Each structure stands twice: as structure tokens, then as C-alpha cells.
Amino acid sequence: MSFPILTLITFVPVVGMVAILFLKKGQDNAVRYTALTATAIQLVLAIIMLFAFDFTKAGILDASTFQFVEKARWITIPNVSWIGTIKIDYFVGVDGLSILMVFLSAFVSFIATLSSWNIKKMVKGYFMLFLLLDAAMMGVFVSLDFFLFYVFWEIMLLPMYFLIGIWGGPRKEYAAIKFFIYTLFGSIFILLTMIALYFSATETVNGIQLHTFNLIELTKASAYSATGILSPQNPNNWRMIAYIFLFIGFAIKIPMFPFHTWLPDAHVEAPTPISVILAGVLLKMGTYGILRISYPIFPEITRELAWYIGLFGVINIIYGALVALAQKDFKKLIAYSSISHMGYVLLGMATLSVTGITGAIFQMFNHGTITAMLFLIVGVIYDRAHTRGIYEFGGLANKMPVYTGIVTIAFFAAIGLPGLSGFISESLVFIGGFGSTVTRTLTIVGLLGILLGAAYMLWTLQRIYFGKFNEKWSFMEDLTPREYLMFVPLAIVVIYLGVQPGLAIDFMNTSVKTFVHFLNTAAF
Amino acid sequence: MPGSNLITLSLIILFLPLIGFITVLLFGKRFSKLYNFEIGILSANLLLTLYVAYEKLFVFANQKIAMDATWFSFGNIPGIGQLNIDLGIELTNITVMMLFVVNLISFLVHIYSTEYMKGDSRFSRYYSYLGIFTFSMLGIVLTDNFLMLYIFWELVGLSSYLLIGFWYEKDSAANAGKKAFLVNRVGDMGMWLGILILFTNYHTFKFDTIFAQIGLGNIPFGSEAWLTAAGILLFMGAVGKSAQFPLHVWLPDAMEGPTPVSALIHAATMVAAGVYMLTKIFVILSADALTVIALVGAFTSFLAASIAITQNDIKKVLAYSTVSQLGYMVMAVGVGAYTFAFFHLVTHAFFKALLFLGSGSVIHAMHHEQDMRQMGGLRKKMPITYYTFLTATLAISGIPLFSGFLSKDGLLAGTYAFGLLTGHWTVAIFGFVVAFMTAFYMFRLVIMTFHGEPRNKEKYDHAHETPKAMTIPLITLAVLSIWIWYTPNPFNPEAGWFYNKMEVKTTVVPQDMRFNFMKTEAPEHETAEAEKTTAETHETVESEQVEGTTRVMHSEMYEHAMHEAHLPTMIWSILLAGLGILFAYIIYQWKKISADELAKKWPWLYKFSLNKWYVDEFYDKTFIGGTLEFSRWLSIFDNKVVDGIVNGAATLTRGVSAVSGWFDTYVVDGLVNFTAFFSGVLGFGLKKIQNGKVQSYVLVVVLSLILLFVMFLPFF
Amino acid sequence: MAHVGLTHFLILSAILFSLGIYAIVVRKNAIMVMMGIELVLNSANINFIAFSHFGNYGISGQIVSLVVIILAAAEAAVALAIVLNLFKTYSHINVDEVNKLKE
């Protein structure tokens, strides 16, 4: 262990936050630039990590092949009456599953900071909360200790609640509370499972057996004492129940049908950058959690329930797309399209095959960049027109040609047009899905998604950008340089990964192969 | 490696238009003359293609030249082995012919558009779109694997979408673009599923590897049904792109795009991609799949022809004619005469592009009037347009000495032979009926547009022959619609070089899934072995021997039937075409029978045809309306039920908390407050005693003492 | 003429005590209250002396009485000081209206 890059990348925003704390009230621009610097440093660190990343190391099950690992004892309470010694580690590391997510959250946070420039209300508070959110998100993706993971997971809720509740739209209180309570409701399930796991498993530290939150130790069948509640030897179905609990907790974040209704509300009310973060990064935490925690800890249940996961994935795809088709609010439409696209991730995960899971992770990344673009696109017209009704616009293409060009790229990426990144990940999901006997039928149904997706996207494209120009909006201007700056990097990533997907796939390939092998063979 | 320079050149041909697209898109606005760059690229492309085609056809005629490169790789996956996703191109004789067709027509359309699109506000944008279209179309032509096929398949869909909706200010244009994309997506969905079936079984997208595997009897999931399903699903892609029934509805609407675009994309090249793809995958189509294909093609050609008869919009007639002709080609693939399908594809590309460009010339001259009822007598005003147009009309009607006759006669002979061999005469009957109808509606169009007296004097007076940039492409294409380029004998296509240069591949499906006439005795192993080497060596240029001269597919039985079919087909087709032309003259030129009378006589039939069999209305009411209705319903469901449950849970919680709040306030807290209240009351009473007057205290003390006495003294 | 015995002294003392208590409880004037207290003290003195005289106690009763008288004098001095202060605060010495004690 050398340079503590993961600690740095996680806590740089916190440093930024403290720095902002010391700024005076009127210095809005200083606040903005401090936040931008913090996220920029984070992004640079993420890029350094990409370059330093070793493709041949698998991670997943073996602590020694994780990269950039840092491990330290965080909390120790010796000899608590009947519990014994409580030990919680500060344990972070990165492998093929998380490296792309780390980069994604740094990248999207940076773009979201740029798009936060026109937040005018309580700038200082906004950016402090924003940076806290950023730190928590990053923490979730690098944690390898369940307790630490959970702490970051919960910390993230708080700034989000205020960011929606203070800087949001007309029904912000409702949306913020709904988001908060819904997610907290899910967290309870995670917490329960976490505690059950803690008491079921042990880890040997310096020759002493201690209960553990270590996510890597928890994947080993030998870690479970025979009497533990979640022990594989336990004849009761507790492991199944724990799995379902954990799944519900994560499914709310994805969000999976029928737990998805907080999302449209939260998106519609949240300010643009927060929507970008929410769709771009936060939703991935749900699927990432399933991959990082549920899958390796309960591989046998995963195999048993794979079909159901796929089923919910397909329901998400079709249902989200159909509901999106009926929306009149641009942002709500994008929110439902997010639900639809996250369905592909679930379907890909359910395949338990290399192509499917690669597709799922890649789709997580691509959805992050594409949806970020889509929400920024909504933000651009909302900033100018202060309305998002799809029917209220028309013919914007003539007035804002560059913007429409960006819109076309983003929309077609969302549709899954070849040459753009969304195509590769969707295709890999379908390839994996059809290849697996478990999800074959589901995949055939899921294919409908590519038709429905095209339907609502093109319909929106036509309504807002084509057709007769509505003179009411003749004051609208094309993109400003700042807006260029946030769209262009996203567009470049979307196009580049569409043409050169190997770049992303190489990062996860070794890990995914190890992972899939484990999932399909692990005897529990 | 032989022909490696051809691969390099092909890659250049492929990517030049992409460079053109990017350059013109990014800088077209700043430099208004930049579209010339795009035209330059196309001319370079055309020259390169000529060279490549010549080399391939006459130097490497019997070799397949191919190259693969790994796009991305999953490495070695347990249970599957090395999994690489490869991209690659291959040059076969058919490929280079198609390459030539695409580049030539694209080039001519580029030239033509300089006049046609003059003054358009998005002139350079138009050229950049043509660039990406050409790029994607060339991709389809050159690909040697299904993945790339699908990728470029979608990309032509995109460029088609952009070009149909080029004048997006018009709602109808934007709508048509969207419709085209979505209808195509339906087909693509099926095609992608077909590709998935193949990939799942063979872990590769490469045509040759897959075909070789099937040739070895290794059929998908070990089931014949899956092989047939794969064939039909792949065909769905062609149904979408080549506008076959039931997905033909987008093509007529696509006429909203600029006319040169219609000529390039929606007549000559892109819509033919479906047929081109069928010729590529022909070898894995089982007898059942082929039957489906033949019937769909035959029905489509009839349906479209029956609609074309009553349309009044010049472009609509041509659009339906295109659908009909594409149906012909598909039908030909279905009956096994796929070489003639490709032959017709090429000849059709030239004369249909000519028809569209000719109609564009007319429309341009008439100031964007497309209704034929406003035209008439244009022959004198626009002689070049007229005569080139007439050439194309004769070609499409199947009149000898013109290219159309050669290919059409061939494919009709195929259907005739099919009837002879299998007893299925339906396809042949459709084929011959459509031949009659085609001649009829095409001459109806020519007569209404160019002959007779002008119906709209004002517009007629303004009409004039179009400039050279438009007439030169017309003349070029008209020249290419003459028989001589394809065969020396105008009555026998098989005598010419063109027919003989087309490779004939052996079908690889298991013997019992073939038509009787396609059965062979000894299955081949050469291709399979050659395949092995392909799989092992990547990123190298390879060439393989293909059976160039021996026509293995055509069993003697088939050869015999074709031979037998040749003469009757020729007689019938000429007769029917002549009859069609005659009827057209009787009704529209000499007005012996009034068209209106006929319409009145069978109003039901007339309306049915005029309204395109109500297919659009049917789709609107059922699929589109149904989906929209369902989605609306689902949205309400989402809002009221799913979210209702969430909000209901919230309300329920609030209700419970209200009750417990009441309980807390009034019972739990009530008890506390009561204690306080009680003490209060007590204190209030006792307070009276505590009046602060020492005297009263003393009194109390004394009284208490007395009381104590009274209580405790024994004598009381 | 009956023999004057202990009982008569005790009755006298009881009457004096009762009168004293009556004065303490009823009179409004603080001085009068003080006089009541003196009566109560003196009734006690009578008892001491009577018991001493009729019982076999020597002169202990008389001595205690002397002590009581001295104490009474001291008490009177203190009490008078209080009354003076009362007057200073209230401008009267009506004990009925002096109820600060209840606070």
C-alpha cells in the first residue's frame, strides 16, 4: 500500500466542503470554483486510477487482487457483554466491478458541478451539500466493508434530501420526503441483513476469531459458523429471506418495478444537476450493491432466483418504456426511460454469463453518461423556457441547431443506435440473455424494449425539435460555452465507447470472468 | 496475399464518405462550397470502385477476398472458448457489383442534387447526410458478418430517418421519418433475434463460419424449427428494410424526403439491402423459410401493384412500384432463383433511380407539383426527361431490349420452374399478374404526365427542361437500362457475363429441410475446412477458393425445369406487358374507356386500392392506437395504483399515527396531565390553609393538640 | 373555705394559658399577640412553681421560672424589634394583613 488514492478521491469533496465553509457569504463565485476544483481533482484522480489499473487482477473474491487497497481498523469495542469484540474496518479497494463506477461518479459529478453554475439560491449551502453527496457516492463504490458501505449509503441520503427539498421545484417537499423515506425504508432491510450476516460469519484476525463486516470474507462458505442464522447449513430458509431483504433494499434504489415511483417525482422536482447525479450515479448504486454484495455472498440463492431478477428486469424495460410513451412532461419521460434502461442492467445481471454481466456493468456506465446528457438537455430548455411540457414546444431545431445536434446524439444513444455506446451494452445484455437458458424467453420479450424505446424518443424528438416553430420561444438562444463544456465530454465518451467498446470492457473482463465462474460454481 | 490491396482500397471506399460526412457536418456552415468535397469523395470512390470491381471480377474471379479484425474480446471464457467480437469485410463478385451500383447511383444523385437542392437553407447538411448514408450502405455491402450487417443496417435506418425528415418543419416529413424508423425497428427486432439465435449457437457473427457449421449438420439448438425460425427472423429484417408486407407502410410515406433521396435510398440502394442480405443468407434458408419468403414477396408485389394503379401522386406511384418490384425480388429469392433476384436488384436500381430522378426533374420543372392530374403534355417541354423516363418505363415493364426484361424474365422463369417442381403455382400466378399490372400503371403514369394536353396551363407554361446537372444523370442511367451491358443476347440473360459472374452457393441446410430440387448427393466439406483456418488467423487478409464455375446448387432437376420454363415465361411476360401497355393507352391516351366510369362501376374496389387497402388505418387503430391506449392506461395505473399504493401506505401510516397521536395526547399524556391537574386541585384547596398568618397556624396547632388529646387520652 | 391545693393552681394556669392562646389567635395587634405569648409563658411559670411547691422537687421549679422570665424578656425584646420592623414595612402592625409567610 502506497499512495492512499482511494481515501483521497473519496474525501477530496469533503475538503472542498470545509474550504467552502470558511468562505464568506457573498463569495458565490469563489464557492463555485472551489467546488469545481474539488470535483476536478477527483476526476483527475479517477483518470490516474484508470491508467494505473491492472487488467489482469480479478478482485471480487480475493482481497489480494483488489487494487489501491487501504485497510485500517476503524472501530474496536472490546468485550461487549454477549457480543464479544466489535470490530469495523476502514477497508477500501477497487476491482473490475467498481473501477468504471468510480470513474463514472467522478465524471458525472464534475459535469453536474458545471451545470450547477446557475443555481442562485443559497449557493454556499448548495455546494457544501453537493460535495458531501459526491463524497458519499464515491465511498459507496470503493467500500469493501459492509458497515462502511452502509455508512456511506446512508450519508448520501441526507444531502440528497436537502438538495431536492430546498432547491427543487414546486412539489419539492413531497418529492424529497418521498425519496428519503422510501430509500430509508429500503435501508432498513439492508441493515437487518447486514447485522444478520455479521453475527453469522467470522474472520480470523491475528489468530482470534472475530465477527466481521468484511465483504470479501463474507463470500467464503468457510466463514460461516454452523450455528449462525445465515449459515449455509442452517436448514431454515433464512438465507433466502436475507437475500430477498437485501434485494428489496437495493431494488428501491435501482429503482425496480414496483418500487420505482419515487424516481419520477424526485426527478421532476430536483434541480437539473441533482437529476443528473440521481440518474447518472445514484441509480447505479442499487445494481452495484446487488453485484457487490448480494451476488457473491449468496451465490446459490442468486442462481435459484436469477429468473425472477430477469423477469423484473424485463418488466422494467417494457413497463418503463410504455409509461414513458404516455408522459407529457419531458423530464418525467426521461425519468421513466431511466427505469426502462435500468431494466437492461437487471436482465443482464440475471443471465449470470460473461457477456450478460459485462453488458450489465457497461450499461450501468453508459446509462450514466447518456442519461446525464438527457437530463442536461431537459435542463437547457427548462432554464430558458421554464416549462417542460412536450406539447408546448416545436421546431426548436431551427433556432438551436447545435443543441439539437447534441439532442440527436443523446437520443439515438438512448435508443441504442450502433456507433454509440448504448448499443454495445444493450446488445451484450441481449447476447448474454439469449445465451442463457434461464433468461432466453425473457430476452425475447425484452427485445420489444428497443422498439418502444425508439418510439418514445423519436416521438419526443419530433414534438420538441421538429415541426413548426412555436414563435413563443423565439427568444431562446443556442448553447452557451459553459453548456458546451458539459455536453461535449459526455458526447465524446458516448461516441468513443460506441466505436471502441473494448476500452471499457477490458477493465472489467478479468473480474467478470472470475465473478461469473464463482456464481455458477460456488458451492454453498 | 492476393488481393490485399483490394481490401485496403475497399476500406478506403468505405471510410471516405464517413470523412465527408464529418467534415461537411462540422464545417459546412462556415464554408458553403464544402459540399464539393463530398462530391469529390464520391467521384474518387467511384473510380476506386471501378478498379476494385474490375480486379475482383476478372483477376480474382474465383477467390473470396476477406479480412477480419478483432473489435473487442472477452478472452477465453470457460465453456465457450475464445470469444472475440470481430469486424471484417469480404469481397465477392456480388459484393463488388453492389459496391459499384451504390457508388454510381450515389455519385449521380450527388451531381443531380446540386441543382435540385439549390437554394435550400440546409444545403451542406443535406450533403453530409448523403455522406453518412453512403458510408452505412457501403458497410452493409462489404460486411462479412452479421454484427456489422446489423450495425450498418441501423445506420442506414438513421440516415434514412434524417433524410426523410430533412424538411422537418413539415409535420408530415417529420412523421414519415419517424414512421420509417419505427417500422424498420420492428423488422430489426426480428433480425436481431435471428442473429442472437445464430450467435448463441456458434459464438461468432461471421457468415462463413456460421454457414460452415450449419453445413456440418450443426444446426441451432439441434432443432430444425430453430433453423427455420432463424431464417424467417432474419428475413424480418428484410421485410422491414425492403418494405415487404406487412411492414411496407413506411416506404410510400418516405416520399416526403427530397426526390433525389427517394431515388438513392428509397428506390435503388437501401431498400434493396433486404434483398442483398437475403442473397447473403440464402444458403441457410430452409424450405419452410423459403416458402414463407416467396409468399410474402409475391403477395407484396401484388398488393403494391394494385395500389399503384389508382394513385395520383407521381412519387406515390413510383413508391408503390418500388415496393412491388422489391416483392418480386424477395419472391425470386423464395423460389430459389436468387441470382435473378440480385440481377433484378441491379437493373431495378438503375431504372428505378432513373424514374425517380426523372420524376424529380418533372417536379422541379412544375414547381413542386406532384399531382399527375395537374400535369400532361410535358413531352414537348422536357424531351430529355421524357425519353429517359420512357426508357426506364419500358425497362420496368419488361420489354425486350431493355435491362428489366432480362432480370424480370429470369425471375418469372424461376417462379414458373418452382411451380413445375413443387406444384405451388400461387407464386407464379402472382408474378405474372403483377407483370401485367406493372406495365399498366407505369404507362398510365407516363401518359398522364407526358402525353396528351396540359391540364394545368399555368404550370405547364412555366415548365422547362431541367439543367445539365440533372439531365446527365438521367442519360447515364437510361444508357444503363439497355440490355447490352449485361448480355449480348437480349433474350437470354444467362448468356451474359453478368449472370455468369454471380457466385452460386450451395445451400447448407440439412438435406431433409431443403426443397427436393435443391438436394445434393455429397455435402461439401471444403468450405468448412477453409473456415477453420479463418477462425484461427485474425487480422490477416485471406482468400478462399469458392466454387466459381460448377453450379452445384442447381441440381439437374432444377436446370431442366428452368430450361423448360424459359420459353413459356418469355412469351407470357411479353404478352402480359404488351397487354398492360395496350390497356393503359386505351384508357388514358385514346380515352376509349373512361377511368372514372370504371371507378364508378366498382367503387368499393377503387376505394380499396386508392386507400392502400386501409393498412395504415388498420395499424393506426390496432397496433399504434392500442399501444398508445395501453401506455396511457399503464401510466394511469402507475400513477394511481403503483404510486397509489406507496402514497396509500403513506396515508395509512399517517392515519395510524394520527390515531396513536390522539391516544398519546389524550390517554397517555392525559394521565400525566390528570396527575398534575389533581395535584393542582389539591394544592388549590390546601393553599387556603397556608394563608401566611401566624395566628391561623397557631390556631391549627392548638386545635390539633386538642384533637390529639381527644383521640389519645384514655379517659375519653 | 376550701383548702387551696395544686388543682386550683393548675386551673388558674389553664385559664391563663387559654386566655393567652386566645389572645395570640384572635387579636390583630401584634403587641396584643405578644402579650398573649407572655400570658402563655406565665401560665407555664405558674405550673412550674405549683408543681415544685406541692411536689418534692426543692426549688427547681422556681429556678426554671426565673430562666423563663429572662427568656421571655429576651424574646420580648426580639419580638418588639420584629414589630418595629413590621411597622416600618407595612406602616401598621395588623398581623392579619401580614401574610408574607405563605410565599
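First chain written, first letter: the chains are A, B and C, and each begins at residue 1.
Heads up, the rule we're going with is that a residue touches a chain if its C-beta (ideal position, glycine included) is under 8 Å from a C-beta of that chain, and two chains touch if they have at least 3 such contacts.
This one's a predicted model, so the numbers in the text were calculated from it and none came from an experiment.
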Query = Any idea whether A-B or B-C has more C-beta pairs in contact?
reply = A-B
Ask   = Just by CA atoms, which chain is the most central one?
value = A
Key: subunit A and subunit C: spacing of chain centres that average the CA atoms, whole Å   = 95
Query = Just curious, how far off is subunit B from subunit A if you go by their C-alpha centres, in Å?
reply = 35
Key: Whole-Å gap separating subunit B and subunit C, where each centre is the average of the chain's CA atoms   = 126
Contacting residues of subunit B [partner subunit C, same complex] = 687, 690-696, 698-699, 702
Ask   = Of all residues in subunit C, which touch subunit B in the complex?
value = 21, 24-26, 33, 95-96, 98-103
Request  = Over in the complex, which subunit B residues touch subunit A? Could you list them?
outcome  = 71-75, 77-78, 80, 83, 150-152, 154-155, 158, 161, 165, 168-169, 171, 174-175, 177-178, 181-182, 185-186, 188-189, 192-193, 196-197, 199-200, 627-628, 630-632, 634-635, 638, 642-643, 645-646, 650
Note = So, in the complex, the side of subunit A touching subunit B is made of residues 178, 181-182, 257-258, 260-262, 319, 322-327, 354-355, 358, 395, 397-398, 412, 417-419, 423, 430-431, 434-435, 443-444, 447-448, 450-452, 454-455, 458-459, 461-462, 465-469, 500-502, 505-506, 509-510, 513, 517
